[in-house]
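Each of the next two complexes has chain A plus one more chain, namely chain B in the first and chain C in the second.
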Partner chain A sequence: MIGAALEMTGVSKTFAGVSALEDAHLSIQAGEAHALMGANGAGKSTLMNILGGIVAAEGGEIRIAGRVASIASPRDARANGIAFVHQELALLASMSVAENVLIEDLPRRGGLIDPAAMAARTQPLLDRLGCGFGPQDPVEKLGMGDRQMVEIARALASNPSILIFDEPTSSLSAREKARLFDVIRKLKAEGAAIIYVTHFIDEIFEICERVTVMRNGRIVGSGATPDFTPGDIVKLMLGDIHQADRLRVTPAAPGERVLTVDSLSAGGFLDGVSFTLRVGEIVGLWGLLGSGRTEIMRAIIGLDPIDAGAIALRRNGALVPVSPHEAHQSIGFVTEDRRGEGLLLPLSVARNVSFGNMAAVAGRFGLIDRNRERTLATGLVERLKIKLNSVDQPVRTLSGGNQQKVVFSRWLASSPPIFLLDEPTRGLDVGAKSEILALTVQLATAGAAVLIASSELEELMRVCDRYLIVQRGRIIGDLGPDADRDALLAAVSETSASSPTLSSVA
Partner chain B sequence: MTAIAQGTLGHWFTRNGFLLIVIALFLFFSIVTQHFASVANVLAMAHTMAPLVIIASGLALVVFTGKLDISVGSIAFLSSAIAVLLMHDAGVNAPLAFLAALVTGALLGALNGFVVVFLGINPLIATLGSMIALRGVALQLTNAILIALPESVRGLGNATIGGVFVDVIIAAVILIVVHVLHRRTVFGRRLDAIGNGEDNAIRIGIPVPQTVFLSFVASGFLASVGGLIGLLQVGAISSYLGKGMEFTAVAAIVVGGVSLFGGRGTILPGVLLGAFAFTMIANGLNQMSADPYAYKLVTGGLIFIAMYVDALRTRRLRRIPIRPPAQAAS
Partner chain C sequence: MGAIVLAQEGGGVARRRLMGVALALAIAATLGGFLFAYAPNFFSVRNCLNVLIQGSSLGVMAIGLTFVMIVGGIDLSIPATMAFAAVLGAFVMPVWGIMAGVATMLVSGLAVGAFNGLAVAWFEMTPFVVTLASMTVIGGATVWMTNSQSLSDFPDGFFDLFLSAPAGVPVAVLILAVIAAIATLILSSTAYGRSLYAVGLNAKAARLARAPVEWLLFSTYAISGLLAGVAAVMLTARLGSASANLGSDGVVLDIVTACVVGGVSIYGGAGMATGAVLGALFVTLISNSLNQLGVSYFMTLVVKGIAIILFIWIDRISGRASR
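Our next item is the complex of A and B:
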């Protein structure tokens, strides 16, 4: 057997004292596609950024075709025959295809760029990828699939021996994906070593010979793809799931319908999503990263545009159709991104609570009454057991868990009937996680309908009354409170080829 | 399919609309005034706009990266003031004094570049600071009084070759050089690449800090060239030199189709056309004996329209084509 095209051994990296990568090893053969899988934060990006020269490794060794390589910059990576196809396309929209492909090394004659040479060097790359557009076309006129091809053409321009594809299919249609896979097969046949980073399990069985799974900065499994089942890979990715205590007793009888979503579709990200939320229930949105969990929530409240579908909310005892913007008025939305959802970190806790509850703190002449503001905030702080010295303290000085509680407190003051919680506990410590989950249960007990998404199954299993299984922007199943860990893991491990027809979606 | 028809018409208009407006204005002034369309007047306009096109073409290099340099008027003033003082007070000969002014311009541009790139200060704020500070320095140096150029160089500003002003020829050469620099050199292509998004440019491996720094140096250098040309036209340094020039230059650039968001626009014909539009309006209204204050209203309106078109164009491009959901299934 010939030596590996790429061999990484003992590679480690810590960020601010936290270990992001520990003793990682990876071996890639020429002519093969090697899948790299792992949940968010597993260390895939760090490992690939080390290879791409974007992040410096601490210790370890990288060998390319048997020779030790030192990669300190993207330029070094390129010199070593490594090329990156980024997930978020790094394209220059206002410039031509040829300029985009050759930007790293524009052909010159007498100091000036040579347009003829540019076209002559770009055209063969486009032909190799089977592209229907030309070197002079502006990139901004191309569709997503074609843009991806431009990115690949750029990677190929440096004639690399190792190509890294970082989640290349996340915004491609089925046809574009098929075309991409054809290109990857062709590159393999030409002897390239391919690292394929993805969240989609079905894809690796389609085009990858080998697979490596990472979790918490470590390699937890590696081998030939046929030796694994999709279920094996999900288990490796998510690790042992400790069944923590359930925080919730599922109510015997479901309440009235409070939100119905019918055939929601949005630009290739969502495809006919339909479901119902009832008063007082907690529904888990369970799917792997990139399955469309976040997109579903964002579409419902109008943060992303929708192409089709209907949303109805209960108002005065009847379900009335509403626009996403109207829905937003009645829905509390909490995400992992505390700043992104409008927490103003430099401002005091009291003032943060006031935003969104201006009517409650307005005094004479519509001016803000500082006493009312403090009373409102103090009441909520006590109710949610937010740990702080004073409500005048800047939110920035609170811990992540307490910041998240301030977000909740803002919503509690206006008590919306529906909550959408997108990874509400991400980045919090274990204790804070439990408190946020307990708070979620309180909301439901008080009569709110809650839709919660999390990457951590054990969290969902502590609070959910029901699970909607999400895959590729569709809801492919609906499991009841009795669903155990294996059933839930199996539900998301279904490859799309073998996925069952829609089971009863309420 | 009205939507599509509107789309293409709107698109065509955003691309070519400005040329139409310039032509229409030119025809309008030609009809309502007697001398506007004469060769002499067109040459006079070219003469008047020489400092503006030079300064605007330098500033455009910064704008291509999506940044801004509003200190160009003050750099023009300070570097010209230094040239005049060297000649007037120190008796330095003219070529050396002019060279000193050009070096000053490049150095002040480098200062801007340093503050923006290495201290990471927002370019608008950074160059607002240098705009105020540098004008202050120049006023202090000149005591804010009028200092005439020495006799030997006083006539240069109105020198002609074959009926064409020398400064018009200089401006034309600079425009062509800057245009080639933008379109046909690695540096120029990098400017557009950075303007398409700095994060992307960094990931591609473009040396973003160095490129942005150089664009500020070029802007400062060309500001001093424009300043010197303006100085020679007037024949003396006055505290008005280059005053408000930064805004006229930004306006000319934007009206000429260069996006303040970065990454798109041209020196030729874009910046030239933009500068010409403002010069033509001033000249035409003057010949119509219009109220001098009307000029400000008209140019303000023109800037507003140009900015709106830029915003429309950018908004449309942000709407990345996403495939229809029907295709997503299967």
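Our next item is the complex of A and C:
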């Protein structure tokens, strides 16, 4: 075997005692694209950050073109011929293409920036990528696809031998994606080694020669792409899904409809989403990361604007059309970003619970009654078995699982008829996960309709009565309670290969 | 282990907040020492009452700014609004009477605040720029309306009413006390007040918990404008005249100093009306005492400026730990 362009062996990393990467190895050949896949938290980012000199590895060895390389800083990474094409376009919109491309090393003459040299250095890069715009054009005038090209040109400016693409297609149209793939093929032909990080399985079969799959900080599979089926890759990504005990018996007769969503579309993220929720059922929103699960939930309650679609809620026995803002009033939403959006971290547990339930703690003259506030919080703390010293303790001092229970308890106090739970168990330990799932079941048993999204299939399979299959902002299927693991895995993988890829349509 | 570390951090925040109070007290005590030695007159009952009266309009405006700062905003237009309201009221009062004049001051203050609120909440404009601009517009309009003259044609009844002192307590001090009490109640014990802190701490989380974020933002500027109107009434009564000068640049500095010294965070989410009032008294005390010691007005600006920097630094280190 000829020497690899990049060879990582035995690379490990722990964060605060938790292992993020264990004995990882990765081998990339020049002239090929290598897909790196894995669910959220699989260790892809850690591995790439080690390569980029952003985090330091603990042990292991990195060889570039056969020679041992020490990468302690982004500067080292650059010097070793490693360049990143970032995902969400970290461009300075008001500056020119040339300034963006050369930002890391602006050509200077006598201490001032030399515009002529800047253009002269940028133009060949743009030509190489087949760009129709010039070095002087401002980035803000460019479309998403062209901006992506500017990112690639920036990466190429240091003349790298190893290029890392991080989710490059997430904001591109089909036509732009086809153009990106042409560029990647060209770079491969020029001898670049490419690491392609993505969540879209269909793409790797189109553009990558080899694939490596990670899970829980380990490499769980690696080989030539044609040796895998999409289903194999999904199984590797998600791991052994042991049919854990179900926490719930699916109700025999479906309840009445309580929420209908009809043809919801939003800015390229959602495309004609329609579904129904019924009283007392738990519906799983099942799709891979980036499929649009979160976007569906946020659009329903008006956190993100929608372009088209109708929402109706049951009120007094009839389905009434409502705006997303009105829907929010009847829906309890548990966000995937607990610390950033769910809680008021510096405030006490009691205040976090009462916020949103002010009517329940109002005393004389409508003023907040501190005793009632503490009683409300204490009651929920006991009911949910939240571990804390005092309800006056700032919520930021609690563990993740207990913080999430505080989020739940806020909604429990107002008992909304509908719950949208977005990754409610994210970042929790096994015990806390089970408790949150048990709580979800209690909500449904008490008559609420629950829509739950999770990256972990085994969790959904423990509680769901029905599954909506999400892919690229659309709901492409609806599976019943008897759907087993293989059917659910097939639903998100095989369809992605059998459905026409967007680029071939364009 | 994490929980223990975090708990210690929580204690640290309280300690740093105490540091602010201690610093204010230390400055006040040092000043007190000097005054005792060089200007014993300062401690006369009359002068103390004077400080209270002088500080009362500042206190009312600082309470207004407290609302705005709790949601993470800033209102630089308060003094200009106050002068504008005072002048409009001074035009109206001789013609339509005392009550109409007072009402004009309150309503015009409220109107300016509502404009600021509209721009910040729904047009999503930056508070600093919006209120700087409205400060300029209103300040300019006030000078233009008055030809830079001061208006002092007030009915006697106006002074009788607002300069009286039932049971020895001046009306200005009463107004401050009542407004401070109401503001404290609103901020600490109503759903509305709680929502303001939530918006200041984390607007996204507040919106998720169904707080009407735009209305809350809007309301704080409206309150700030209304209280600028109240301050206009108090100040015209005390000075006996209204002019564009009421809203001079130094007043903005005083109001911001009062809030920052009083523990209102410029990052939003923290602060109390009582703190702002104490801050206002602290600022008045500095001006008054330095004046008594014969220090130049310009030197007092230097002292106030340094005080702001010190207290913002304290806010910064305590704010960093709590988020």
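Annotations for the structure displayed:
Keep this in mind: the second predicted complex is superposed on the first by the 491 of 506 C-alpha atoms of A that agree within 3 Å, B and C clash if a C-alpha of one lies under 4 Å from a C-alpha of the other, contacts with A are read in each partner's own complex, and residues count from 1 in each chain.
Just so it is clear, contacts are C-beta pairs under 8 Å (C-beta built on N, C-alpha and C of every residue); 3 or more make two chains touch, one makes a residue touch a chain.
As the structure is a computational prediction, the values presented were derived from the model and not from experiment.
After alignment on the shared chain A, the placement of chain B and chain C results in a clash. When the two complexes are overlaid, the chain among chain B and chain C that reaches more residues of chain A is B. Once the two complexes are laid over each other on the shared chain, residue contacts for A:93 go to chain B alone; chain C is not touched.
Of the two partner chains placed by the overlay, neither chain B nor chain C lies in contact with A:316. Contacts of A:345 after superposition on the shared chain: chain C is touched, whereas chain B is not. Contact with chain C, but none with chain B, is seen for A:355 once the two complexes are overlaid on the shared chain. The touching residues of chain A, counted against chain C in their complex, run 303, 328-329, 333, 335, 340-347, 351, 354-356, 358-359, 362, 366-368, 393-394, 396-399, 410. On the chain A side of its complex with chain B, the touching residues are 54, 73-75, 78, 84, 86, 90-95, 99, 103-104, 106, 108, 111-113, 140, 143-145, 154, 171, 173-176, 265-272, 307-308, 473. Only residues 2-3, 6-7, 10, 13, 185, 188-191, 194-195, 197-198, 201-202, 204-211, 269, 322-323 of chain C touch chain A when the two sit together in their complex.
Those residues of chain B whose C-beta lies close enough to touch chain A in the complex are 180, 183-186, 189-190, 192-193, 195-197, 199-201, 203-206, 263-264, 317, 320-325, 327-330.
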